[in-house]
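We just call them A, B, C and D in the order they show up, numbering each chain from 1.
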């Protein structure tokens, strides 16, 4: 990789951010540049720097930045005065999306879901999912998991594990019980069994749940990937106890782990699935809650939102579905690339005593300390690689490269990462040896 | 107005909606067409029908559909591979927006706010507002008002008055007290005084509030416009009792009532303001929570969201701010058009014993019954006028025409409305006379 | 009244309280004596002081201290090794109580209630009442009133208006809406109408209530007595909206306002009634929740408590019911004595611009300031009259003399009160005149 | 034991219970007699039947029924017109109690607690404890345990594990997390470690707790006795995470497990302790919340209750403390008797594959099925032995005999139990063999 970004800490009128943008901003702090243009796996700052994007908008840009297919479809749509905003009215763009989603995604997988276009954010899709589960079951309590992340509005935030996020609620977060995720207590404890025992026990204090809400791979929580066996057990537990199984596939879905859904070929079918992030194919706000037709017990308008059914996103999502999901080529590419990352991470894990995590192209390397991870990703950024951390202590370096990345570029990016790991560990060892 | 839509109840593959879209859809039921294209005040269905839009995406399309200025800016941006999705990273588009917002909106009004780009939905902006108010004050309770509408995620939904919406929560909605809005108990009762009495009384059972959350005109709640006197009192009450004043300007802001903010020239400054709907200028998902700098006590990332800071929306919003808000022309137009509607509604109200409501171009005509209102708006739709109802019993016909509408077209639309009112009342009288 | 207590601020080993009793104690602060013996309307401290009791344990001692009838019944029962504690087993004492309660109280009043012996505190009776209402209706929200007091455990505390008490909860108090009591907004506003309007309005934000919980006279809240008309309206509103009417008769019942129940002859029948305080007839812990048989939907043990069904209290309560309620003599006495207080208070109210409040022998004189009230009651205590204040600001001097008090003693006590009012007002006037 | 009760299912005017007592009654169903008199370990019904009491009011009658020492003290007090009800005023009886409690209980154990006289029920003592913990720590969440029982008012009920009890709340029970008790996941899993892991993990979703609320032996939950090691760990975890340790000693305290407190000699000191049940020494309603002086941050009256400080109970409690706790005789007796039960249960457990549980004189025999347990206890009752079951499925036969029981009588009672176990197992085997 020949790119040599010319890092500049100077942002024209940087003061505008200090003056007018809330201190709640976060990524902008670790990456103090101003970006202008982006294409495929590359982002460009306004000082001539070029960056390889291993973050992909936290898996929102699975198909890379401004993919020419989606870009052209959107340009044509806008140029033709296609409906931009139509509340939940029927539009040509919506019809195209629904038809394509049915043909390309649902039918080949034998899935029978109805689509609810919620407000175009993941948290809204989760809110709709748990509202529906509570309505259908008549129960209040939702089971979520340690290290789970599901959003920042009050209902979804209650399902989120992170204490700093939860602390922002300003009110106690209720009606949710956080149970240990797969592997939480180490390899010898099957946490699904622990959950089953408490649900089966009328004196455990754990109320009968409306839903079990689970990510198959926890993106924000540290790239923890649940095993198919554990997930199947959780699905059975949900069924046995009259709870709905909600898979939050917002980060792990849309190809990130290989299949379109992260739970494909695992032997269970969720009652409800949430999608967002890469669903639009181009980074446009878009979210979807899918559920079995018999659960579609909403009254008209019982959950709504001004921007539900973003028509620009319908257009780009449809183009992405057709282009990437009409045959198996893309999925095979993703799996191959995922193995590239896995092999590299395995090697590093063995060498340095780290831990490899994740599935498909959703990978993490637990380096054991948030400080070390920050040193490494900071050095990467200085060399033009955008890469972030995750986990309870930000101790997991995560690779969420665009799925469309060329193998050679992927390897080049991993080389940068590896060299910075080596450098940091050498320093570390040096320090430790003193 | 010469347009004669050719209504057709036939939608190509209408079944796709039945098969694959959740029954939660609502507008699509009263307007069973499939729309494709839209421009300025007009929407076009796929059967050749043309419709005058008096709904404007519930005030999301204040500048009309696909305004050429914003459209061109967006086309250029996309064609140039401008960043589409960048989490909360600094981008050229964001800098432009912040600078323009400061220059065109804040400075001329002497306002000092910081901008928080929340998830791009109104409900997310409200959630952020009440989270911040609770964090800053250390209190839990929020005061909202009868007939208020603030969104559908759990925190915002608790602030919403509508029982059908609230019923969807599936859990009790807590930490909010709904107080009577201005005029709720008739013209002789000052409901601000009632609130003051209870807040001042340590035995009233009304806990000390973190915030008072108010719309200056209640869009979903029936076009109730609070008086400036009442709003000032509410602002004083908030201050006196250590609560923050949040104006939810999502529907009433961005010019709908004349000024950019609905509270301009009223003699008080909210602590927090929420904006969404028309903020992007073109119907793109975008939301903003504004607050005084001293309230900016967020930790980095304490409230976040994948689609916060929608760069396409930055581009169109910036274009709209520059085009419409750099001088007073637009505001004068809006006021004049608002008076046109008001005069027409006053006449109808007097003649038929209806009640005129609202402010600026945010107007309602309370015809006393949801059935009558539906008859009238249904007849309008058959004649190519898209117009909706509002209020606790859907008894208020609301006019939310694009603010850019030509006076002549506005009058033509009002003519259609008036003729259908007359027809419905004639039938009614006939029925009543039998 | 010849009694001249010899006030002594000396308590033998007063330190024991400082060392070992929690600072939560309250009455002991305003009345720094140690009491040993009590009889009828008199309490005796351990320094030879005698006190006339106008507090009666906040209406717990309606029949005075250690009434000889109840005392003898209890002595006999204990001497005979009558069951002291029997959980909820059938006992002779319980049978006697139930039979007597049916014969003496329910039958003559045409009431058909079932008795639930809750834990022997008022707050427990209230908790049981609201649990039952929520269970039967399937709704969560309970309507309580400004200045209402219903207890200190979490469910009852949520129904209590006082901010200082509420603040002790440590968690937000939910599922209760506090509505303005009769007269809260002055004589011109019918607060029952305000409540009706909001309950009838599907957009008011007031959820459908499980129950309306009301005191006919608010003892802790300032001796506010609701009018029969208002209470009837509230009863009708409850019925119309599917809510149960709960009268909390813990302080106002057992003869305090004249009849055994405070709502007799008012033209409505509560669905649920709570009793405690004077129910045992002698000050023993005892509480009762009464409800219509069709509401008796409890599962066995669904609400329980170790001390439910206090057998000593059964014995004394039965004796009290037989002695005082078998004919009308006692009720006539109470009414006459209540009028004595009322006339005296009316006179004082007129003379000094005070406000007379209450009903029967549950009377208050609002002197307008907590400081003035404390000056007066403090002076009374120094002269051997135990008398307390009430209300949001402790501005109401309350007379809760034992109902059995001789008219002459009652008048003597009122004389002491009046003389201290005059003294305080003279000082006040003097101060004001300076 | 020569007693031969003459069981009669006839209760004079049994109808009064059907007509007038709520169906919530429970013990009266399994023991359909009417009792009149009781003495020491014996209860007498009104048909001449005599019953040996192995239930002791669920550990309320540790000193037996109507102990002559307490009985005489109470008779003298009542005869002398001792104050019966005095709110929280200082009384001679209160002073005696506090002084005795300090001398006999606190000082010899080196404990420094303040006493709060809550409403005289266990649930009220627990409510006070968790309110105080929340107030002092400023946190909302309380950790309670599987199978824990803490009371039936809303705050305490939220801490109770039993689903049937919880279901009676009618609102979601919040602000409490139920963690697995010692041994819950079998002998190989240290549940204290599981708790520590989640509390130490900022992403576990378990909010920082105000308190950990624990019973050292779970009376209602199935006689589960926590090990001293586990309890010490829990105490350390509480301290490490800024939570207060509350030991609910309502059932296990007052000598039931040997010492006055159930946690004596275990190497930790709770921050808060609740007592009730046997505290009065005679079955009178009485409850106490003890806490370290530095936690005594109540405002006067911040938690109150009409019957707090039951003076009759002060008298009997003082007599009991002096008589039973001034030297070690009683404790030695209890330990010896506890071992008698333990040995018998061990033998039965080994023979029949049952499980022995508990500590001191708080013992259970898990017979594996609620049906079998009910058969056995029913047969015991027919032979004059009052004995009850416990546990999530009522599968644990519990022995809560009075602590003062003669060894010979205890053995005789255990003989009855054993013979009925043998009979039931013989039938069972016979049935199984068919």
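The rule is short, and it goes like this: a contact is a pair of C-beta atoms (placed from the backbone, for glycine too) under 8 Å apart; a residue touches a chain by one contact, two chains touch by 3 or more.
Quick caveat, the model's predicted, so the values are computed rather than measured.
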(message) Starting at chain B, how many touching-chain steps does it take at least to reach chain D?
(response) 1
(message) If I rank A-B and A-D by number of C-beta contact pairs, which comes first?
(response) A-B
(request) Express in whole angstrom the distance between the two chain centres, defined as the mean CA positions of chain A and chain B. (result) 31
(message) Counting only Cα atoms for the centres, state how far chain A is from chain D in Å.
(response) 50
(request) Please set out, as single numbers or ranges, the residues of chain B touching at least two other chains. (result) 140, 164, 171-172, 174-175
(message) Under the definition above, what is the set of chain B residues touching chain A in their complex?
(response) 11-13, 16-17, 19-29, 31-39, 43, 46, 55, 57-58, 60-61, 65-66, 71, 74-75, 78-92, 94-95, 98-99, 101-102, 106, 113-117, 119-124, 127, 130-131, 133-135, 140, 151-156, 158, 164-165, 167-171, 174-175, 210, 250, 276-277, 282-285, 289, 291, 296, 298-307, 310, 312
(message) Could you list, by residue number, the parts of chain A that touch chain D in their complex?
(response) 140-141, 144-148, 160-164, 166, 172-178, 180, 184-185, 189, 194, 197-198, 201-208, 221-222, 391-393
(request) Please name which positions on chain C make contact with chain A in the complex. (result) 171-172
